[in-house]
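Dropping a structure here in structure tokens format, bear with me for questions.
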Amino acid sequence: MLLGRESDETSSVSLTSIHPQLSGLPNADSLKIRDFNWSQLSRGGIDILFLATPHEQSQKWASYALQYGMKVVDLSAAWRLQEDSNRAIYKLENNSEIQALQKTAVYGSPELHGPAIAAAQLIANPGCYATSIILALAPLLRANMVDLNIGIIADAKSGVSGAGKALTHSNSFMYAADNLSAYAVFGHRHTGELLEQLNLTSGQIQFTPHLLPIPRGILSTIYIRLNEPGSIKSIQDIFDEFYASSPMVRVRRSPALPQIQHVVRTNFCDLGFQLSPDGKRLVVISCLDNLLKGASSQAVQNMNLMAGWHETEGLL
Amino acid sequence: MLLGRESDETSSVSLTSIHPQLSGLPNADSLKIRDFNWSQLSRGGIDILFLATPHEQSQKWASYALQYGMKVVDLSAAWRLQEDSNRAIYKLENNSEIQALQKTAVYGSPELHGPAIAAAQLIANPGCYATSIILALAPLLRANMVDLNIGIIADAKSGVSGAGKALTHSNSFMYAADNLSAYAVFGHRHTGELLEQLNLTSGQIQFTPHLLPIPRGILSTIYIRLNEPGSIKSIQDIFDEFYASSPMVRVRRSPALPQIQHVVRTNFCDLGFQLSPDGKRLVVISCLDNLLKGASSQAVQNMNLMAGWHETEGLL
Amino acid sequence: MLLGRESDETSSVSLTSIHPQLSGLPNADSLKIRDFNWSQLSRGGIDILFLATPHEQSQKWASYALQYGMKVVDLSAAWRLQEDSNRAIYKLENNSEIQALQKTAVYGSPELHGPAIAAAQLIANPGCYATSIILALAPLLRANMVDLNIGIIADAKSGVSGAGKALTHSNSFMYAADNLSAYAVFGHRHTGELLEQLNLTSGQIQFTPHLLPIPRGILSTIYIRLNEPGSIKSIQDIFDEFYASSPMVRVRRSPALPQIQHVVRTNFCDLGFQLSPDGKRLVVISCLDNLLKGASSQAVQNMNLMAGWHETEGLL
Amino acid sequence: MLLGRESDETSSVSLTSIHPQLSGLPNADSLKIRDFNWSQLSRGGIDILFLATPHEQSQKWASYALQYGMKVVDLSAAWRLQEDSNRAIYKLENNSEIQALQKTAVYGSPELHGPAIAAAQLIANPGCYATSIILALAPLLRANMVDLNIGIIADAKSGVSGAGKALTHSNSFMYAADNLSAYAVFGHRHTGELLEQLNLTSGQIQFTPHLLPIPRGILSTIYIRLNEPGSIKSIQDIFDEFYASSPMVRVRRSPALPQIQHVVRTNFCDLGFQLSPDGKRLVVISCLDNLLKGASSQAVQNMNLMAGWHETEGLL
């Protein structure tokens, strides 16, 4: 069931009138996006509700949905951050009720929080940049391999769809095409997710996003100094073991590296790395599709876990 | 005068038969690319010879040209590196004569070596990536501001023309379009230029190139830890003073940052920076056109200096 | 089963070593591309053989496969053309045996020749441009609506993958990006397919291909003068009725028009049209993905028909 | 002098604050875009005024400027069309004063109306599509070679900058990239320019624009049936003679054809053609940069003629 605006009127539009590219696919032509109101919804029939709404709306609507007994997968940033200091950038409301609900929210990274996701009522679906960087770093940080005095550099590059559908100067063709630009250099909103999920302080990681002249895909180049000189095999083992039960993360054999074309239109996050000859410096490359593993298909992966289905159901 | 192959035959082709886009420009249609032999060339008439030839050819031909009293601007890497360890990657010949000549070669970075270029017989025109990174770092390193124990990260991204004209998989449209990939992660050939020109050891700088899905342009994102917390003003002053007499470097006012569209089809290198709130970490962005400031128009800039003309002659 | 080179050795490579983007998909990592020889193949187990081989190879191998009792779907042009005059451009061999086999080949356009495909041993899978133009014109020509004294103009534009995987100047990034060029203006090889499938003489249709700076997709703009002034409804009805049982052709409601983004990565051919105010001139726009409906997925559609499965099996 | 808004205040912004890519060019950094009012402007000092303003503004301001003794080159469509039926699409005002002024306006196609431009007070700078099609057809129509009973097809493709700077869905990166779409099929606003400049009726030419996924450049593919079978030489001679004194039109030798890369960032219009083997059908390809020969640099070319300077002054 596809829901549009909250409204007392009962109007609807067909899905394929808005997305004609979906016409002819099974059932697509009969699907409607319909106005809804909460009293109708509350009468049941919905087990899991996806919210792909602005942060403020998600904050309000998640509460409603939970009250009515639905589980929620929220694709906004409304519920991703536990620390007020990290949430401040979104200028969301804050009160004791919201704080209580926030504590129940699980960050929807299936590779990190699978069991908690399966048991959760409210999933905060991760940011696209955050997913690419967290999946690259979690194995190394948990293994205590990273020299955090030196700090981590995450130089990330994203296609234009990462900027959303609103018409802006920077997602116009004439700005983005044949161009590359850095933005939000010391202040991207996904930084808080990195800090909380990776247990880092803000001086320990620096994240710089760039706007790529392509429709979709993220590549993050991550620079790490190791606590002790390592070997290719030891690093490879750490990644392999960490993701041994994670069908949506593909770990490449060093020196092979991921590239954006390999992940676009998939739910995979691809990881690869190379080690400096002296074994001290590590470059990890992480690639995913910002619209899929970075958003909608990761939400489906979370739904699968919540529903007790196989994690990859509908995703391969 | 445009020279093609070394040959005893005296054949030629018109420039515009190969580059029809130049037809109709002043004098273009009468220009010929002609076969040549050194005995003809030696009879005089050439003051400065540009070599846009493979490294091996440049090594041989520069010697000839110098013997015949020409000055040389060589766009290959044959003469850029003084240290054998840095030259090894190019597998060039090495003997005492070449070593002697190498010592006379001046690295053609007008902003760093203006007076030496003006007096030189042999200019080694810099690499494209190297130019973008060297110009970003030289002011800060000379001012002793960079914490070299932490080391510098240079994450660089280049358009496809940087890969040359040979038909390869990685410069095919189907590979490069809608893609981004890292390559030569710990071993790009331009690294030696960075080390020599910036007086760094290989552990002090890490340079990772990426292939952008655009025809031309380089953007380098450079991560620096400062020895002492700095202020925006102090950093801005250092760049402004260093490049006060350099018409081809444009220093942006922080927080404004360069982007590739601003430099494409110009001889400018644009520099901009942002400083972390605690004043300890600096991100410098450097942009240029790899075919111009990164190659041919920087060669013209060097010629201007060698000929005693204004540095920007023909370039604005 | 994936076959590579004909060879007496029994070597193989894994599919995902060549196409790492497929890794992690069901069964993909265990798939091998293996050398083969005909004596092994002849021992059975293969019902339908796809040939994605050069024309000359397809000509030879299709004969072998048919002798061994396999059905063949050939993606080359070896078997598409019945007229020697149209075949000449491919410089294929010609003898009485080949001619006899040619007569049994069915042109694999499921929307035109469904029953014949279902009964065929040898399918000549259509060209990409040809598919887009034939599907746009067949309904109108069968309804005798086109003024053939005036003639038809088919101005077609294709993404770079249409040019194949060989490394050539025209499919290099530097040639194709930010460019558009016409080629093969009066002599594209797909013209013969248009003439035979649409029963036209060479003066009655003019087809001009262009190279688009995108990876995939074809859009053909087709200009038709009508025998009698028509109405939007009458034209719409003709398309709707002709494709009423064709799940892979989507007919848009005029004035809506197809565009390349709507068909890329699908097996659909989208058709739309607009009529001049005086009802005499018609513009039909036809879009498809040259790698799918223009090649591989149309081959699967043909296989479905040959095997008695639903036409869309595996394609939606 | 660069003028911005009409205003009583005397404020200004620097050119390079809006277009930082121009910084460092001669004089650019001191140039201001300043508010203006007509009483100031009327005091003299302006010989020729360029108007790059909306149609309605151009209609009003051109009158003012002419009253104050300035010559005007207007880049809008306000003054391009003499026939009310052709002007209707722009919904401009119409009264006897405007009609009188319209009669004095000269269509700024230097290749067609050079002497009239030199003598004019008011130049209507042509549309980009119109320029590409008119220059391709004028020689053939004046030579009476075109079979107008069959009619002309002009299938034109333009980069995104042709759509202007307003933020719209169709010039967003996500719509335009990797796409191609036809639009305004039987009703593009430039049609009137074609009819008037080429003396055609609306049934004699059909013009279909398409949106290309590139920043700039137009390629028009034009289909012509000849009155009498022609020879390559005869067609080549007609183009060569017609443009013998036109330095900004480059006529290619058949079968060479123009392509967009050859004209981008130039004021050239490139023309090329191929003839069918029977000599009856002609395809003419016309390329130009929609922002230059299709707009601003053609305006400069017109200024040069009005000022008595060489046509190419500042343009090569």
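Order of writing sets the chain letters: A, B, C and D. Residues in each chain are counted from 1.
Heads up, the rule we're going with is that contacts are C-beta pairs under 8 Å (C-beta built on N, C-alpha and C of every residue); 3 or more make two chains touch, one makes a residue touch a chain.
Every value quoted in this text rests on a predicted model; they were computed, and no experiment measured them.
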{"item": "Selected interface, A-D versus C-D, where C-beta contact pairs are more numerous", "value": "C-D"}
{"item": "Longest centre-to-centre distance from subunit B, chain (CA-based)", "value": "C"}
{"item": "Approximate Å spacing (C-alpha centroids) for the pair subunit C, subunit D", "value": "39"}
{"item": "Distance between chain centroids, defined by C-alpha means - subunit A, subunit D (Å)", "value": "47"}
{"item": "Residue numbers of subunit A (touch at least two other chains)", "value": "175, 178, 213-215, 261"}
{"item": "In the complex, subunit A residues that touch subunit B", "value": "150-151, 153, 155, 157, 175, 178-183, 185-186, 203, 206, 208, 210, 212-215, 217, 219, 221, 223, 225, 255, 257, 259-261, 264, 274-278, 280-281, 283, 285"}
{"item": "Residue ranges of subunit D touching subunit A (in the complex, touch as defined)", "value": "160-161, 165, 167-169, 171-178, 213-215"}
{"item": "Residues of subunit A touching subunit C in the complex", "value": "20-21, 23-26, 178, 247-248, 250, 252, 256, 261-263, 265-266, 268, 316"}
